[in-house]
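I'd like to ask you about the structure that follows.
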Amino acid sequence: MAKNRLEVEICGIKFKNPIITASGTFGYGIEYSRFIDISKLGGISVKGLSLNEVSGNMMPRIIETPAGMLNAIGLQNIGVNRFIEEKLPILKKYDTRIIVNFWGKTIEEYVEVAKILDSVDIDMLEINISCPNIKEGGIAFGTDHKMTEKVVSSVKKNIKNKPLIVKLSPNVTDIKLFAKICEDSGADAISAINTLLGMSIDIETKKPHLSNITGGLSGPAIKPVAVRMVYETYKTVKIPIIGIGGIINYKDVIEFFIAGSTAVQIGTANFVDPEIPIKIINDLKTYLENKNIDKISSLTGSIKIN
Amino acid sequence: MTGKIVFNKKLSDKYYYMKIESPEFVKNAKPGQFFMLKTQSFDYLVDPLLRRPFGVCDIEEDCFTILYTLVGKGTYLLSNLQTSTEISFSNPLGNGFSIVKNKNVALVGGGVGIAPLLYLSKALKDNNNSITLYYGGKSIGDIHLLEYFENTCDYIKISTEDGSLGEKALITDIITNFDYDIVYTCGPKPMMKNVVSVFQDKVENIEVSLDERMACGLGACLGCIIYVKEGDNIVQKRCCVEGPVFDGNKVVWEL
Amino acid sequence: MAKNRLEVEICGIKFKNPIITASGTFGYGIEYSRFIDISKLGGISVKGLSLNEVSGNMMPRIIETPAGMLNAIGLQNIGVNRFIEEKLPILKKYDTRIIVNFWGKTIEEYVEVAKILDSVDIDMLEINISCPNIKEGGIAFGTDHKMTEKVVSSVKKNIKNKPLIVKLSPNVTDIKLFAKICEDSGADAISAINTLLGMSIDIETKKPHLSNITGGLSGPAIKPVAVRMVYETYKTVKIPIIGIGGIINYKDVIEFFIAGSTAVQIGTANFVDPEIPIKIINDLKTYLENKNIDKISSLTGSIKIN
Amino acid sequence: MTGKIVFNKKLSDKYYYMKIESPEFVKNAKPGQFFMLKTQSFDYLVDPLLRRPFGVCDIEEDCFTILYTLVGKGTYLLSNLQTSTEISFSNPLGNGFSIVKNKNVALVGGGVGIAPLLYLSKALKDNNNSITLYYGGKSIGDIHLLEYFENTCDYIKISTEDGSLGEKALITDIITNFDYDIVYTCGPKPMMKNVVSVFQDKVENIEVSLDERMACGLGACLGCIIYVKEGDNIVQKRCCVEGPVFDGNKVVWEL
């Protein structure tokens, strides 16, 4: 049998390839099954779940920007229990890793959701302390280092079975500080980055394009910021990093690996064209073969600095 | 999937009509459905980043057509594409209109909102309905494709705001007959709202085709929410999956 | 005489229009005089000056990114004295406001340069506490609020004649905090934003595209972040704001005004096409006429929030 | 300024040759100069963002030409442009080559680096020089425009690395005559470095046309620094303003 050059391992869990679809850009996974074979994906990070159903922000919620988009969905989700009942059984039929992204308005809610998820049949937890779109919680946790420490260590203490990924906010002066705190607080891996806080105004109406005024900037526009933060994080912590931000093709994936990623997540590109993750997987395979690289993981952190 | 441009004609100042060959797309497309279209031909270009939603305007053998207006950069790029260019688009998406049989129906279209009503009118004609088309625009430059509608509709009433074609009136002002089994409408939001209020209590079924900013077009981003009444509640629907066609009587226009 | 709808006033100084070319993207002004009539500009902010000549970073120094570019020029400049002797006399022949952007490696150097500039024939000083490209000073001042306070108040105390603009770094968790500190420390105006810290890697060589590893991200890609920061700053301080970041056409300028700008600076767009600032001035004039807006300044902060 | 595309021909797998009409540009262009070219036609598109630098390859009456290879998205977009399209570019920029009179000169071009040497060879011929062209490439697909050089050069020597045209050798390996008054070269950096070391001490004047990433092309961004010896010092020059042509003996290739 031909070796699988794309296989990677994160916290002891094997992924058949390092391409994971990013939270909030891939629904509960099932939405895309009409368009692509989701069993080909390394993994899926589902839309951020909270304890109870959340209806999100008012419309409008999205707007395109130069090489990117702003969103202020407001973490709309069906709640962790409905996810487990309605979505997970369907999702489990596919041969791919399931990462559950989650959040809470309080530390107690974070812990409670984590405990529920810890005992169901998923692969990893991804704690979102960085969504800039809700007033309570969210941004406050991810941009305040004391809160970051508190929420990560509280959650970690309360889960036994699943590795915990902490997803970092880029809206901070020093990402290294936050990465270190997460590692010290028990994070098993880091994913970076979430969206940059941005804003866009309709000059005709003079109103913000988003009802929430500000929103999260994603897409190719933010790639240079994301690569920089992955690189800084890689130099700071020993736990694996899942690189995220503006990836649209296999070259971007290689760039994130060289900067220090063990795997990557694809976000906005799923909107641009749902076939992009599959195309990336195929292109990566070809690339590794042509370059005679045995394992993609050998590229992690392979940056050359003079 | 991809298809080849058969033609891409300028109809008036802002209106274009494009025909694309794609047997695969045509096979599954229903009236009222839409699709996401890539306006950039080169994969590595990221401006415009997102695909753009367009309604299926007509189907002719292996081809479908798009009636579109110039809005921003995506539609500008579209308007520059030459015959034979290969372009890329999604499957037909969304729910589409209901196709009734042997009924008396009205179509109300405003401006580029006329687009999805053409293919609809064909399907309705094939099902032996009597069809009245109400078609409004700001000016004569907004009224197009009449030669096609003449083949499918029994009555056609036209109005423009400046009187350059048909009556000088808003389209909803020239509706005097309310004796329809079902009304289908697509156009600017204020027009559709008016259409609903004009026919409300008089016609049971009003299907409106709504238009929201879309990032994914397939139900994942939650960017295209429409509010509708469900019993005593107001619930969220995704325009791209549960729409773009909604029950006009249930739509909550302003929240 | 027809009224000039484009005239704006910043700290009591009249600008015939609000279009200023941004520091580091317009050389010492003279470079562009072959291509455009620089007397048509509202103002010019010259390349950041230091006490002594600085030769900048090693090559490569620039790389294009999606809808943006990264630069790590390293604040190369001819030093304040050579500027005054060689460049200023030529620049003074043009009918445009001259803003001198400057920086230092230490507070003492900042003060010294400011004192020199305070007594020469220029219109305003713009202190750059935000350039991310040099190891000493620069970033340290603009992302540490104690340092920001110290450098701004020290400089302010030592100048008597010219208004002081402080140029903010976007690489902070909370721009409002920094804006407030600057205002409290005596800043007469704020310009925002400088470049976002980013990075790009050549996947063939595995080396960073820039010799300096990281660089400053500018161009349309960063516009949503810039608009957000101008808006946040406008809500926080009373002093005027010069909006900067990703402007390429007159619509962008209107957007920055609505968010709270009194004037704007055009940076990367000068590279994209040197005629852009002139085109923007003409387009703005037409826009205001068509919309029957008497003064562009009436748009400042005119955002409508429900 | 802008100009109309007269033709845009594919010469081989990666090479294209484009002719643009612009009397205004032509009036001021000197051999060895370059210009910044917008590869996007629509002003509001920001990808690619920056203009791209290209050398003036030839001038024919009111037209100039570009010989270019496919590298990334900018050149890809260029290669898709149709005849008659209007494109936008800067004035001729940079210093250009020295035009000598009645001398014995050598031109050494590698790959697409041949581009600026064509117009140069015309000017040198007009000034009564005896011209030898050394032209190297990886393969036959890299060798172009020979029909033009045959009109301007007295001797033409060709080599390719795979031997598919001319000698199977690096171009610097087939140079056996060093009896020139001046040598002009353009090509990949390692080649130019070799050219300089081959002719050093034998020929006084070696002009090299260098190639650096450029953002502005007009001296403002300081992104295109070249290091050259000035007396005992190494000083910085901007490739776009003080170059792209430099004294080969003074260039510091590695710092």
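Things worth noting here:
For reference, chains read A, B, C and D in written order, and residue numbers begin at 1 within each chain.
Heads up, the rule we're going with is that contacts are C-beta pairs under 8 Å (C-beta built on N, C-alpha and C of every residue); 3 or more make two chains touch, one makes a residue touch a chain.
Quick caveat: nothing in here was measured; it's all calculated off a predicted structure.
Using mean Cα coordinates as chain centres, the one most removed from subunit A is D. Inter-chain spacing, taken between the CA centroids of subunit A and subunit B, is 36 Å. In this assembly, the C-alpha centroid of subunit B lies 53 Å from the C-alpha centroid of subunit D. Centre-to-centre separation between subunit A and subunit D, using Cα means, comes to 46 Å.
The set of subunit D residues that touch two or more partner chains comprises 44, 46-48.
Those residues of subunit C in touch with two or more other chains are numbered 66-68, 219-221. A complete topology is adopted by the chain contact network, contact being made between every pair of chains. Of all residues in subunit D, only 46-47 touch subunit A in the complex they form. Per the touch definition, subunit A reaches subunit C in the complex via residues 65-68, 70, 143, 171-174, 196-201, 203, 205-208, 211, 213-214, 217, 219-225, 227-228, 231, 246, 251, 254-255, 258-259, 302-306. Residues 38, 43-44, 46-51, 88, 90-91, 212-225, 236, 241, 255 of subunit B touch subunit A in their complex. Interface residues of subunit D facing subunit B in the complex, by the touch rule stated above, are 41-42, 44-48, 72-73, 76-77, 80, 82.
Per the touch definition, subunit A reaches subunit D in the complex via residues 66-67.
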